[in-house]
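Below, chain A partners chain B and then partners chain C, in two separate complexes.
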Partner chain A sequence: MLREALTIAAKDLLVEVRTKERLAALVLFSLVVVLSFRFSFELFGVHDGGLAQSHFLVPAVLWVTVVFSATLGMLTVFSKEEENRCIEGLLLAPASRNALYVGKLVSSFASFVVIALLTMLFLGAFLPYDYRGQYLPVVGLLVLGTFAYTALGVTAAAVSASSRMREVLLPVIMIPIALFTVIVPSIAATSDVLLENLSGALDEVRFVAFSSVLFVGVSLLVFDYLWEA
Partner chain B sequence: MSSQTAPADPERHALTVLEVRGLSKRFGPRNALDSIDISAGRGEILAFLGPNGAGKTTLLKVVATLLAPSSGSVAVEGHDVVEDAEEVRRRIGCAFHDVMLYENLTVEENLRFFGRLYGAPPSGERLDALLAALGLQHRRTDRVSTLSRGMKQRTALARAMLNGPRLLLLDEPFTGLDEVAGEALKSFLRDFAASSGPVLLTTHDPRLAYELASRLVVLVRGRIAREVRPEGTSIDGFAQEYRRLLGG
Partner chain C sequence: MGRRESLGTGLLVASMVFMFLLAALLAFYLSEPASSFPDCGPPPLPGCWSAPDAFRIFLFHVPLAWTAYLSFGIVFVASVAYLRTRDLRWDTLAMASAEIGVVFVTLALLTGSIWNRAELGVYWRWEDGRLFATFVLWTVYIAYVALHTGTRDVQEARLSAVFGIFAFATVPVSYLSQFFFSSLHISIRPTFPAETWPTLAVGVVAFTLFFLYLLHWRLRIDALEFRLVGIKETMEGSA
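Let's look at the complex of A and B:
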């Protein structure tokens, strides 16, 4: 199963590198959202040293931007396979369909983690914000939170793939589930890291890690059945 | 991950590759396939004809494990399409109307990708032979997006052959092929049927079916309306009967 999964992930990344369609669109989207926040803060005079410097607000802005970008990216995870019905070519592989889940998880995570790190960079540059020097812990949290969100998102994308309303259905499925299992704990952990409350951050990290394991486990249990027609 | 199910009667299954019994497939209230019984063995080419919506593609997709039957059974070399789907997929090659190829990858990249995915990564020699057999050598490094419909169709057939299938399922394989490519494909399919296993194909062309197939199966509204062998009828007789079955 792992061999097939890695084959799918490698193919996705090759297509992504070659076309740069998804990555370019998501980078642009992330930049636009960050700039929107930046000018909104300035409008109300809360830019320099004010609200925008809040160690509570910055994590929220960071995670909301990452979640919106990743949700947008999720829309293409299976819809791109609809071209020439390539999805049927994948489903014809003599392997468990979990290979498809793991392959899509790996390739999507690789793309979204790049977006998350660029979002962090954009916020740092345009807000501007120095993350109080806690760059590595924030990067670690972004990697973990993005993985958890992607683990849920790939299954949600598969559920909504055949729907004509998938653009609406996908965030409606994903965000309520992720809100208290990934998004809020990740915001809290990032805020704790910025305030150097490491024990508080660790509790949230454990919770997000548990959510990741849960999402991967449940997905592997149900993914085969999602493709039965 | 796959489970091995031994055929109940190995000698019989050596001859009968595909066995379909009482197969029905419903989409909501509509019966796409209704009580289909059919079998196929090595050396046979079965051509399924019928109007749009007759159930031809649905039948191929059920055999390919892409659709689950509503009732009845389908087995490939004794492996059930529901209980033992991975073993069935290991034994079949499929080329449907949609070519299942990535437009941004080259012909060779597509074939290498699907070969690895199907557990049969093609060696350089095997890839050369496959591309030569289907007249694709000169386009191997071209992206699929630059190919004509006929070339894409041939690449799809090469993809279907990667895992050395025992049963070939082809949905309108002659669409977009010129006369020379069409003749080459007929010869390729005859060779496959004689050496490897049966071919199931769909077509709207009764004359092509008559010329190529060893059995002609007309589907109308999900049922087998007529099943004949070409030697039991004339080409004009069959074409006339086919038009009558279609209500023309």
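Let's look at the complex of A and C:
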């Protein structure tokens, strides 16, 4: 199963590298969101070093931007396969449906991590914010949180792929489920890391890890039933 | 037809009997001031109640919350059953159960925040993980109901079923959140005195029966709606 999954992931990443369609759009989107925050904080005099020093504000802005970009990216995970009816080939291939899930998870996760890290960079450059030197822990949290969110999102995207109207509803469904399981603990962990409260951060990291295991597990159980027999 | 009608009437009568029993127990058995709670005034400490008499709202709050979780459990089981069997009746059951569950969880949130006001002076505390988790649960199932328009469309049923499963996965997570976010959760553990247990049990039975009664009628309405759609289509076809 793993080999088939990696083949699917490699195919997706190759398409991504060659066309750069999704990645370019998502990078621009993340940049625009960060800049919107930047200009709205202007009202509070962020350039005087006031709010920029808030270690509670930055994690929230960072994660909201990452979640918005990933949600946008999730919409195309399966619907882009519909264009050339590639999805039928994928479903007919002698590989289990779970391989399809794992493959899509790996390729989406790889793109979203790039977006998350670029968002971190944008925030650092434009707010500006120095993350108090805690670059590696914040990167680790971004990797973990993005993985958990993608694990949920790939399944949600699979269900909504075949119907256009549902794509509008997808974020409405996904964000409440992820809010308490992924987004809030990740924000809390990031601000704990920035405040150097490592034991607090560890609790929340465990919580996000538990959620991602739960999402991967449930997805592997239901993924086979998502497609018409 | 007659069997279904009598099931509905039976459930109504049974739930009303238990509702009256609950009201009677509240009126006659638990009517004197709650002296078994030590009144320590604010700030609230474990075992201390600043508004000891307000605890009676728990005799509605706990059954309402229990029924809400029961209905979300039914949504989960029916969603799994739908994905396995592709029988649209499971999908209808999940939708009906979710609709009623949203009403019950709304009432549980309202009674909970009324107690909060009496005991702590504020209606809502965002910093309390349990309240936040229940609020998120409420939005998740409102999204479920909004998504499920009940048109018996196969794609919609599939999406709803997967959503129903994931939505329920957040229930244990929201419970576990109390232990993970211990810093956020003000621990007030209301201990129920032994004399309130029979009333609480009656309340749980009464609300469970009432839930089943509502569920029965929701399913009947759906079946009638579906028949009406069928009749309309035949009429349009013949015209």
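We take it that the second predicted complex is superposed on the first by the 225 of 229 C-alpha atoms of A that agree within 3 Å, B and C clash if a C-alpha of one lies under 4 Å from a C-alpha of the other, contacts with A are read in each partner's own complex, and residues count from 1 in each chain.
Everything below uses one rule, namely that a contact is a pair of C-beta atoms (placed from the backbone, for glycine too) under 8 Å apart; a residue touches a chain by one contact, two chains touch by 3 or more.
The shown structure was predicted, so the numbers you read here are calculated from the model rather than taken from an experiment.
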Fit-or-clash call for chain B and chain C when the two complexes are aligned on chain A: fit
First, second, both or neither for A:L220, with chain B first and chain C second: neither
Which superposed partner A:T155 touches (first chain B, second chain C, both, neither): second
Touched partner set for A:L117, first chain B, second chain C, both or neither: neither
Computed vertex angle (chain A) for partners chain B and chain C, CA, steps of 10°: 90
Partner chain in contact with A:A95 - chain B first, chain C second, else both or neither: first
Comparing the two partners chain B and chain C, which touches a greater set of residues in chain A: C
Partner chain in contact with A:C86 - chain B first, chain C second, else both or neither: first
Which of chain B and chain C A:L13 touches, first, second, both or neither: neither
Overlay on chain A, chain C to chain B nearest C-alpha distance, Å: 8
Touching both chain B and chain C, residues of chain A: none
Of chain A, residues touching chain B in the complex: 1, 3-4, 7-8, 11, 14-15, 18-19, 83-86, 88-96, 228-229
Touching residues (chain side chain A, partner chain C) in the complex: 152, 155-156, 159-160, 162-163, 166, 169, 172-173, 176-177, 179-181, 184-185, 188, 200, 203-204, 206-207, 210-211, 214-215, 218, 222, 225-226
Partner chain A, residues of chain C touching it in the complex: 83-84, 132-133, 136, 139-140, 143-144, 146-147, 155, 158-159, 162-163, 165-167, 169-170, 173-174, 176-177, 180-181, 183
Chain A-facing residues of chain B, complex: 1-2, 64-68, 86-87, 89-90, 92, 94, 96, 98-105, 109, 113-114, 116-119, 159, 163
